[in-house]
Amino acid sequence: MCRWIAYSGTPVLLSQVLFEPSHSLIDQSLHSRMGVETTNGDGFGIGWYADESVATPAVVRDVGPAWNNRNLREVAHHVRSGLFFAHIRAATGTAVQQSNCHPFRHGRWLWMHNGMINDFRLLRRDLAVAVDPALYPDIEGSTDSELMFFLALTFGLTDDPPGAVARMAAFVERTGHSHGVQHPLQMTVAVADGERVWAFRHSSEGRSRSLFYSTRVETLRALHPDAAFLQEVSDDTRLVVSEPLGDLPGAWNEVPENSYGVVQPGQDAFHAFRPDLEQDVIRG
Amino acid sequence: MCRWIAYSGTPVLLSQVLFEPSHSLIDQSLHSRMGVETTNGDGFGIGWYADESVATPAVVRDVGPAWNNRNLREVAHHVRSGLFFAHIRAATGTAVQQSNCHPFRHGRWLWMHNGMINDFRLLRRDLAVAVDPALYPDIEGSTDSELMFFLALTFGLTDDPPGAVARMAAFVERTGHSHGVQHPLQMTVAVADGERVWAFRHSSEGRSRSLFYSTRVETLRALHPDAAFLQEVSDDTRLVVSEPLGDLPGAWNEVPENSYGVVQPGQDAFHAFRPDLEQDVIRG
Amino acid sequence: MCRWIAYSGTPVLLSQVLFEPSHSLIDQSLHSRMGVETTNGDGFGIGWYADESVATPAVVRDVGPAWNNRNLREVAHHVRSGLFFAHIRAATGTAVQQSNCHPFRHGRWLWMHNGMINDFRLLRRDLAVAVDPALYPDIEGSTDSELMFFLALTFGLTDDPPGAVARMAAFVERTGHSHGVQHPLQMTVAVADGERVWAFRHSSEGRSRSLFYSTRVETLRALHPDAAFLQEVSDDTRLVVSEPLGDLPGAWNEVPENSYGVVQPGQDAFHAFRPDLEQDVIRG
Amino acid sequence: MCRWIAYSGTPVLLSQVLFEPSHSLIDQSLHSRMGVETTNGDGFGIGWYADESVATPAVVRDVGPAWNNRNLREVAHHVRSGLFFAHIRAATGTAVQQSNCHPFRHGRWLWMHNGMINDFRLLRRDLAVAVDPALYPDIEGSTDSELMFFLALTFGLTDDPPGAVARMAAFVERTGHSHGVQHPLQMTVAVADGERVWAFRHSSEGRSRSLFYSTRVETLRALHPDAAFLQEVSDDTRLVVSEPLGDLPGAWNEVPENSYGVVQPGQDAFHAFRPDLEQDVIRG
């Protein structure tokens, strides 16, 4: 299992979100409270969108623990971004290597995941074969998470993120069931295109890994007029996280089971997530 | 491209072969004379057979250059083996990660490779899909070399190494040709099962990477009565190498184009290697 | 803080001691019970004595966590030794780098440490300046542990290990006190020369980190006639560990405060450890 | 030996300088033309000044080769800076570890070096002891280069860079001579404080490693009206490099022996560098 953070809003130093909170992601790498594992020390990654002149988001990943990585600390304390992902990994069987670290990138798109495909070894080939042959050569690692990304891309992620993720989830579940796996999928996924962030919480058994989103900033400011960070960021600043970054009352709200949210310019939104419906899964 | 060494004979400290010769593999990692690249600094690996009580050979691999790796130096100076492989990598496009370093292992079998599948991205999916579904989940990396190993395993490597490698090569070439690749395969491959070593030299275009085997020890002893190392090792000690480890006259002989040799107890042997024949390629 | 193991006795695969016990050192790297930190993920190291033809012990160290390191797993499952050290590190401020990982080596000698010099930054220069100038250039890292080793070497470790360690401890404490540090030293240290192992437990405040030694094998065999491992090893096989490797009743005994033990051919022995006595500290 | 680049001028993506030129620093890591070693694969580092709100420059360093490091590539392609350093290392005996990679940082100051202190092991302790005791605890690595930085800091670097570097060089030479080392120092050093860059070329034997500075941009524009990069950068943009980044005629000028230059707002300047003069070297 893993832990992750997605930030969208006023450009800040990454460290303000990744290092400074009392129960920051870095703290979670050693002492996760809600994760299946308390230690998430099998690699990490950050992905951030820089200015518009750069076509793709940056992705920096490494195989050691986040808590002692100096380069992560350096980048986080010297790079600003208004939209970034961070992920810490607890490996569940696959190799500890850079290409298995999140986030994954395809063009302008970032993807990260917490959870797992149960009996992944059993399903891996069937899932891989379903990846668009034009995309297949870009698979670099051996994780379920990367394969979920490639399946979502195959199923139309760049045109219709919620639909593509639903089709991916439905396909994983159908494939799992055909191999006798009772609860094939457990996932909280974040996707971004540089403008919006989609965050999904779903599991076959209906007991998904934890996922939270931050309360609207103007509400939080009213509750906590002394919190300096809240004065610095815009009203539409939003965090989606595997577990709360601290104990600020009123700051964190659980993402409901089997739902997804969109963080975007204008009004954020919540929707049901239904991979179990009959889906029109078409191979790319 | 890469460089490699296979040793079979009197158990020696790995360092006697990997570090001590004047143009050792470690020297080749910085200053290869015959390689396509002079620098082979994108990872390395060693594989050795320990005593019989241990079921599998050991494989130690890392992503940095061999020349400055202390753990490689430590292991090589403190471990003895009578059958071992060593490999230094010059990446040709795929990630520098442990799972892309040679040798690869399956049960008692070791595999290492120098060369490439041309237009590998174009062929990768077709090759992967041909891997035995029972083996597919064990693929960890993203190289052509690992996939060649899995194809050879699929085509019967553990029962008939030369036949399986020929079928693998034929399959790669047929797949390449079907995608319009003129010369799909360039390879020197070593395989071992703990008793024997098979070494193959082949390329679609008939201009294969360099490969050499050492002259019989008793002949060398007669030529070089003062060479201490030759006094220590048995008559049947044999090296197969990408390029000679030094300039000892009479010590090295080129493996002919499109052939393979077997290093084994008793008489070593050479044979023609003909993947171009009509092969009975059967999926495992 | 850290955790460590010293093994002396019948040659075994390192994995039998490092990986197989229920609360093995590898398990402790994620879930230490008695350590100051539950996670010891800031590097690891093993040191082993190979056969007599090799002058020095091997030392393999790396900066990632022990629990996910494949090379550690490979070496441990394929190398036998009758005298070896293993260490997992939880950094206390100094860099996570290979040269800060234990064990440290000097000629035939190995050294590893759990604990710390309090206010080390304050004392570091005074301690370093006291190192024998002939040894000083060999300092590679930045830890208190390595400096303690070099001070012990300076004070005669290779001639009189207990005396030299006592002089080192006294010197650290005197230096600490001169800088106003109340409790300068906290240490459990293991030293070996290839024949014997010395294990020290000491702290300025008299509340030292945990340290245990295993009960004599013949006693354990009588208690646990079904334990297979005990049938394989000789009577004089002995382990000294930061915390017990499992819950076998009667197997583990605490090393007393301010004492040291010697594991050696013949009768093992315990002695008081008194760095507080007037010591004849002479610069090497 | 090593290679390095210092850039000062119009903020650009680091990749425009580090990756894009035909004989870029990344290319030099594999194929240096003027270095003592053609391969500089023992680690790398970059240091850059971000916006004014961040007190210190960022330093990202790693132990593998620059040519295959993805994080270096990512950071370079997504971070802009108007003042940055980059360094590739060829180790000369000391450990390949992050703390031995350049640039080194102290507060707002960056330091990088190509060259060596001859017989460094012989001199190391005397040099270390001369470091200001208040600075000594911050020494993390084991290189001559880092020690030169700490000596320069001890001798007043932050107040008078040229004077402090001269005093450092004089001290190294005097210390070397007292140990019978004929030519103690070989150095090209770059120092920056976020506003200015100082670049020194000096060696005891008067045959210093290569060092070049770029021709003024307006001159280059007149020579090469079609060079796009030259249109984008300001007149005062300047590069100082170990070896030219390409073959653009008129672009590169050798820094004279025993001299130093200052790149600064306003007029850049050259001066003689005379560590051999009687210097008032005072221990901090």
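In this document, chain identifiers A, B, C and D correspond to the written order of the chains, with residue numbering beginning at 1 in each.
Please note the rule applied: a residue touches a chain if its C-beta (ideal position, glycine included) is under 8 Å from a C-beta of that chain, and two chains touch if they have at least 3 such contacts.
By chain, UniProt protein names: A, B, C, D = Class II glutamine amidotransferase.
The structure displayed is predicted, hence computed values, not measured ones.
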item	value
Connected chain clusters in the absence of chain B	one piece
Chain copies touching (chain A, chain B) - same or different residues, decided at half shared	same
Cα-centroid distance, chain C relative to chain D, in whole angstrom	40
Multi-partner residues of chain C (at least 2 other chains)	70, 95, 98
Residue ranges of chain B touching chain D (in the complex, touch as defined)	30, 38-39, 41-42, 63-65, 67-68, 70, 91, 95-96
Sites on chain D touched by chain A in the complex	13, 48, 50-51, 54, 57-62, 70-71, 74-75, 77-80, 98
Chain D contact footprint on chain C (complex, rising order)	94-95, 97-99, 120-122, 124-125, 128-129, 133, 136-137, 139-142
